[in-house]
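Sharing a structure with you now.
Labels A, B and C are assigned to the chains in the order they are written; within every chain, residues are numbered from 1.
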């Protein structure tokens, strides 16, 4: 068990963290390159830059248009995202580990804040999951992995909370710690290859979707070729 | 796309990714954490291969421009662009590789402002700088062809083509030879078979030979890679020229060895003599013989064998001069760490990728081998290995190559040996207890060099049985005089005297988290209960040493701090015992004879980590203590 | 004139006072054996060390401060300099970390901060700042036996020869450092052979920088000569 935990904290952590960091960077670069290709071939070159920027910014401000239509869902979602970002990055224990490994740390959350944020994150995660199952419009759009994601995200939070606050036997502690570390690393590895990549692609989404309306001149023919309906009227 | 190219590119990308992870480590943690370099071998494979061999391999550039522009051999026209490109990328790779080797790479520009013209390295540095610029100017008309926007700049560059070529040849001559001058200053270290006063000349001649063969080798490799018809006729001409240059090299080298009277060293049976014979055979003798035979020279297989022998033989030569043959004089052993090798390979791979990139986009050859951007639209294909729909070829290539890069980068990052980084070069040497009777021989690492310590005499002079506390400043539970080695467990590295897992374990202390870690606070060492809150007899009341935390300093430090501080004080107090504070008063080079028998008895005995006191029930004693409290 | 240090091996008792004084004065920190060290006791934290040879001979090792130092001659940025006073000093601001000085030194003296992310060359600088304040180096000052002494190089050489003449049976008739590699500012007299201090027991009297000087002098000629040769073969000279 100790050897396994050491492996999970050492080499495997470095592996998954590298996959996450460089993988997300890769996704951005590939996206930008693809967008540049499309832009170069685009029939019409002028994009509504003002609109793109204002819409992108709107997504970062919690009180947006969606908030008007689905206030409960939006506020829970915001809470979930805030906890998801703040707790792992600014938890004292995590920063302490960073300090040991690379020599410097940063601002940390106080113990009370971290605990409450963790509980709120877990609660909002469960709420979102239930919402996804029972809201008809959501469940219609959801694939299997979309149900799995919120559950997987909650595993490290729950196990971490138990390890940090409850009195449990050392064996169970180690088991839970292993679960905590491994599940977090699984999330790291999956991040760049799944929809979680939206954490870095969000700023680009408006740009790309606007670009999509400026398809290159002969795109219609190409689409027809793809659909094996060459020569069909568009 | 051609399968050979695809596989080659995938391999190159994965090496680059792997080396990238190692490169980051090198800059985060320094040279000691990543290399096997030592004070006796401060130059390793990064100099021997990356710089020395790298510059030599780039010699093709000046050789081909000399052939084409100076000797007017028009038939070699198709070799000029690839060779100049190779030279340019080769020099960039040398500079880039050097950044890893330099201790303070951000100061590399100091060479421009602080001058020391006596230094061969100063000259090499300047020549590399200037020649890389010249190569850039020589090559830049080629990419500028692609667009009409910079036609004027291109025209100007073309006008200065000849002076540039001339300058390039002059600069190359200089620093190919001054790479040899670098080692003139080491007559005592470099093995006499390689050391010579004409090292610069030897380096220059061999660089010309290597340049010729490098052009040939590169033509063979790239034509194989892109499945083109090999340029057998031209390569044959190069091989013919190489025979002459190699023969001159061979004669000069042998004459030099003969004249300096080192002939016998070649056959004295030392590993250097075999190394020398092997090097001469691969780099010079066998290629001369092979290429003298017309049938071999004109066959593709013969060209492959001969040119690769020269190329690898000369790399071998540069590595030998660059440090390998100094090991006898320095008495050191140096084997490059896998991280050093990875970086070297990564730099080379990056240069190869840049070459392939250029060859696909610019007119290096008469026709571009393949240009994905110009391919007609093809529908997306389902890739069975990655199970995704891949778009147009350039998009698919991009996706695949970066995926390989990402995976190998992460793998490299995972394989980085954290113990090598954390140890900071200090080996973990476990300490064993001092041996002897009334007089102890303190020799923690058993290297027979230690301190003779009159234990009984110290007890007597410090105040009999009550004096234990004066030195034994912290005791194991239920113990009165715990030995130093039980907490200070390593010679040169600190130890954690607190065994956390034992306390938490059901078979050990079986203590719940909250008994030491208060509720509502971070579970860390700083906020936990101190050891002496439970172990009341841990710290003797009048101990001289303040225990601030439970990280025990290294054995050596602990012993010196305890003994030397007291001895210094005593030496000042007692005017007749000045010797008390001298190192040699206590330090002996070998244990005294009368202790030998006692010591050898303990030497074979088991190594205990903890004192076991028979007949003592720890739990009971502990309860008793708490009751007393 | 230039200053020097004379170490008399017959007088050294191996007390290591010079080593600890050097550490204190130069703030060198604790020394721990590292995997990259040579086994002569010198390290980035030890600028002088005392080697023990059979028969209770103690030899203090330190930078020899050559009169024509190889390290200073090869440094591409002149970070190592031979001062007119005698010491060879190091300017960490200029250094770019090429470690050519370590390769060139015939005595294998310069050490490196291998464990540091920002590493520097480390070696004895003969307490140059103390010299400028009119003090002598820390090691010679603390020596209880006066086995290592400080003074003008000429006077110390005379003193060394004087001692050898006084006790011709004790000493080997040689002053190490008088002519070696062009002479050094750290001199030894001894009753055992000190050839092991250098990579070669008898390094000869030629200063090492002379070996590269010829090649470096040929540089402009080779440069111009090659250019001329090339132009000649292209026939550029034929017209004029």
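Simple rule for what comes next: a contact is a pair of C-beta atoms (placed from the backbone, for glycine too) under 8 Å apart; a residue touches a chain by one contact, two chains touch by 3 or more.
Bear in mind the structure is a predicted one, so any value in this text is a computation, not a measurement.
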Where chain B and chain C overlap in contact partners, by chain label: none
Central chain (distance from its CA mean to the mean of all protein CA atoms): B
Identity of the chain that, by mean CA position, is farthest from chain A: C
Rounded Å distance between chain B and chain C, as computed from the means of their C-alpha atoms: 27
Chain centre separation in whole Å, for chain C relative to chain A (CA means): 60
Chain A-chain B separation of Cα centroids, rounded to whole Å: 38
Chain B, residues touching no fewer than two other chains: 28
Residues of chain A touching at least two other chains: none
Chain B-facing residues of chain C, complex: 13-17, 30, 32-38, 42-43, 52, 70, 73-79, 94-100, 102-104, 106, 108, 111-120, 198-200, 203, 208-209, 211-216, 218-219, 222-223, 226-227, 230-231, 233-234
List of chain B residues in touch with chain A within their complex: 21, 28, 377, 379-380, 394-395, 398-399, 402-403, 405-407, 409-411, 413-416, 418, 501, 504-506, 512-514, 520-524
Partner chain B, residues of chain A touching it in the complex: 10-12, 14-19, 22-23, 26, 29-30, 33-34, 37, 92-93, 96, 102, 111-112, 164, 167-171, 173, 192, 222, 225-226
Chain C-facing residues of chain B, complex: 27-33, 37-40, 42-43, 66, 69-72, 101-105, 107-108, 110-111, 114-123, 125, 166-167, 169-171, 173-174, 177-178, 180-182, 184-189, 197, 200, 329-330, 332, 424-427, 492, 554, 556-557, 582-584, 589
